[in-house]
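In this document, chain identifiers A, B and C correspond to the written order of the chains, with residue numbering beginning at 1 in each.
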Amino acid sequence: MIFKFLPDDFNFFDLFDKQVDRAVEAAKTLKDIANTHGPIDEAIFKKIQILEHQGDEASHGVMEQLNKTFITPFDREDIHDLTKAVDDIIDTIDSLVDRIKIYKINGGDKQLIQFTALIEESVWAVAAAVRGLRSMKNARSVLESCVEVNRLENVGDALRDKVLGELFETAKDPIALIKWKEIYEDAETILDICEDVAHVVESILVKQA
Amino acid sequence: MIFKFLPDDFNFFDLFDKQVDRAVEAAKTLKDIANTHGPIDEAIFKKIQILEHQGDEASHGVMEQLNKTFITPFDREDIHDLTKAVDDIIDTIDSLVDRIKIYKINGGDKQLIQFTALIEESVWAVAAAVRGLRSMKNARSVLESCVEVNRLENVGDALRDKVLGELFETAKDPIALIKWKEIYEDAETILDICEDVAHVVESILVKQA
Amino acid sequence: MIFKFLPDDFNFFDLFDKQVDRAVEAAKTLKDIANTHGPIDEAIFKKIQILEHQGDEASHGVMEQLNKTFITPFDREDIHDLTKAVDDIIDTIDSLVDRIKIYKINGGDKQLIQFTALIEESVWAVAAAVRGLRSMKNARSVLESCVEVNRLENVGDALRDKVLGELFETAKDPIALIKWKEIYEDAETILDICEDVAHVVESILVKQA
């Protein structure tokens, strides 16, 4: 109802949708990287950089709009937190990809493939939750998506513990260990950030209930 | 006085007390782990996990209550920050214990024992500060507890610098160095987080003064 | 205009100026450390510690004043964020210097010298931006300073990627690699923190525009 106060050509939800679309795209690209046979193509690194850059601009756009808009669909602070948290997903994916590049890691590592599958699932669930915020009719399915994001974070925690335990038990080359420890930890961090988004979404729902 | 507006069966301070009780319990358990002779028992890892889970729920409970409550004993944002910061203590203790488990660290390391003694002291001081918030009559002793938390953080900084310096000077096994570096740094982080709680408490006091 | 409501002997901008002066001093000292021939003098470590301590006190002073002041030159939260972000610059410089000390790193490393030159440039730009906030007449030059801080952060990112890539490609001693990896990453973090200050400044400008 309150949307009649907003200019017709502007809508925070459209901006959020674009942001989560980009996060999904980044997560898919990350999975492609992990599943590559052998060295990663330079073009795929560029793609992530472009997504990261677009993500920054989108988040900047939300903030600017926020400062100009009197009536917002929910708490200004929640809009700020939501756009920042979604942007953090893309940023942490970009950081991981950057490490893969710096360390000249090849695709095909089974554990990293597992992580990137979890990450893609989680970012899809985040996207479903954020898209659902348009209407309180979706409250139930939005909450279910958030629960799924939390579940995947727990799965990721357990995977990291298992993978790091094996890494330290079997490692002979300390420099390789340093690389892979960081790669796996960065992968798990992305799932933490997805959980942060879910928490922001949950807190928005609670206030509207 | 303002508490007459709150339902009789509900009180933010009771929730905070439960949270700090759990943080103290986690700090004690951490000290027990460090002082164990030889391998750590699986049961003690489970105990920390349960505390961490209960901590999450308690913090979630405070947030939910916050969204439903019109009159709060102090700034809504401070309640949010306080419950989050106390929960962070338990989370960082849980992270350290997780590393001890993953790295198959045995109890008995003198430096870690020193750290966990500092941590227990600091969490006790945090608990005293948070419990004292019920009444401004306690302002002086609350501030003294905060000062103590700050002091212990400085002691922890110096200990970390000394311990890391020795570690790098004497280390021959890089993989062992990686493990212990992280263990000591995580231990020091817990003292940083206790200081964060003290800062929140101090800022609450200043506003009420 | 609104400053007539503030006590004559008090001004938030004076406090911010002192804070950025100290950040500039810390950045210069860091550059001196990197450019030292051979072992670093103990006195220069003390100097950074004193700056860090003074920075903490200055930031504390802003917070206290904030709690006592009814009318502020801009949003209370922005004042809080600005003072905290500037203080974070000094803190992260202090952390890096602390690592240099713990790891008994000598001056003269070419890569570190490059980083500290970037850091000094960035902190100068931050200082110009913060000082310019006194008057909206400076809006244009303030924004230019922010753009410069962002540019330097990108330069720092590229430098870190290059330096880490070389480090991992050529490293033979894993323990030396662990030290230098952390030194370079900490150096790049300082540029990130400068960018955080620039973001706070930009958001203050947008609201006043």
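Odds and ends about this structure:
In this section, a residue touches a chain if its C-beta (ideal position, glycine included) is under 8 Å from a C-beta of that chain, and two chains touch if they have at least 3 such contacts.
Just so we're clear, the structure is a prediction, and the values are computed from it rather than from any experiment.
Common neighbours of chain B and chain C, listed by label, are A.
Where the sister copies chain A and chain B meet, the same residue numbers recur on both sides for under half of the interface positions.
If each chain is reduced to the centroid of its CA atoms, chain A and chain B end up 28 Å from each other. For chain A, the set of residues touching two or more other chains reads 174, 178.
On chain B, the positions that touch chain C within their shared complex are 161, 164-165, 168-169, 171, 174, 177-178, 181, 203, 206-207.
Across the complex, chain C meets chain B through its residues 63-64, 67, 98, 101-104, 174-175, 178-179.
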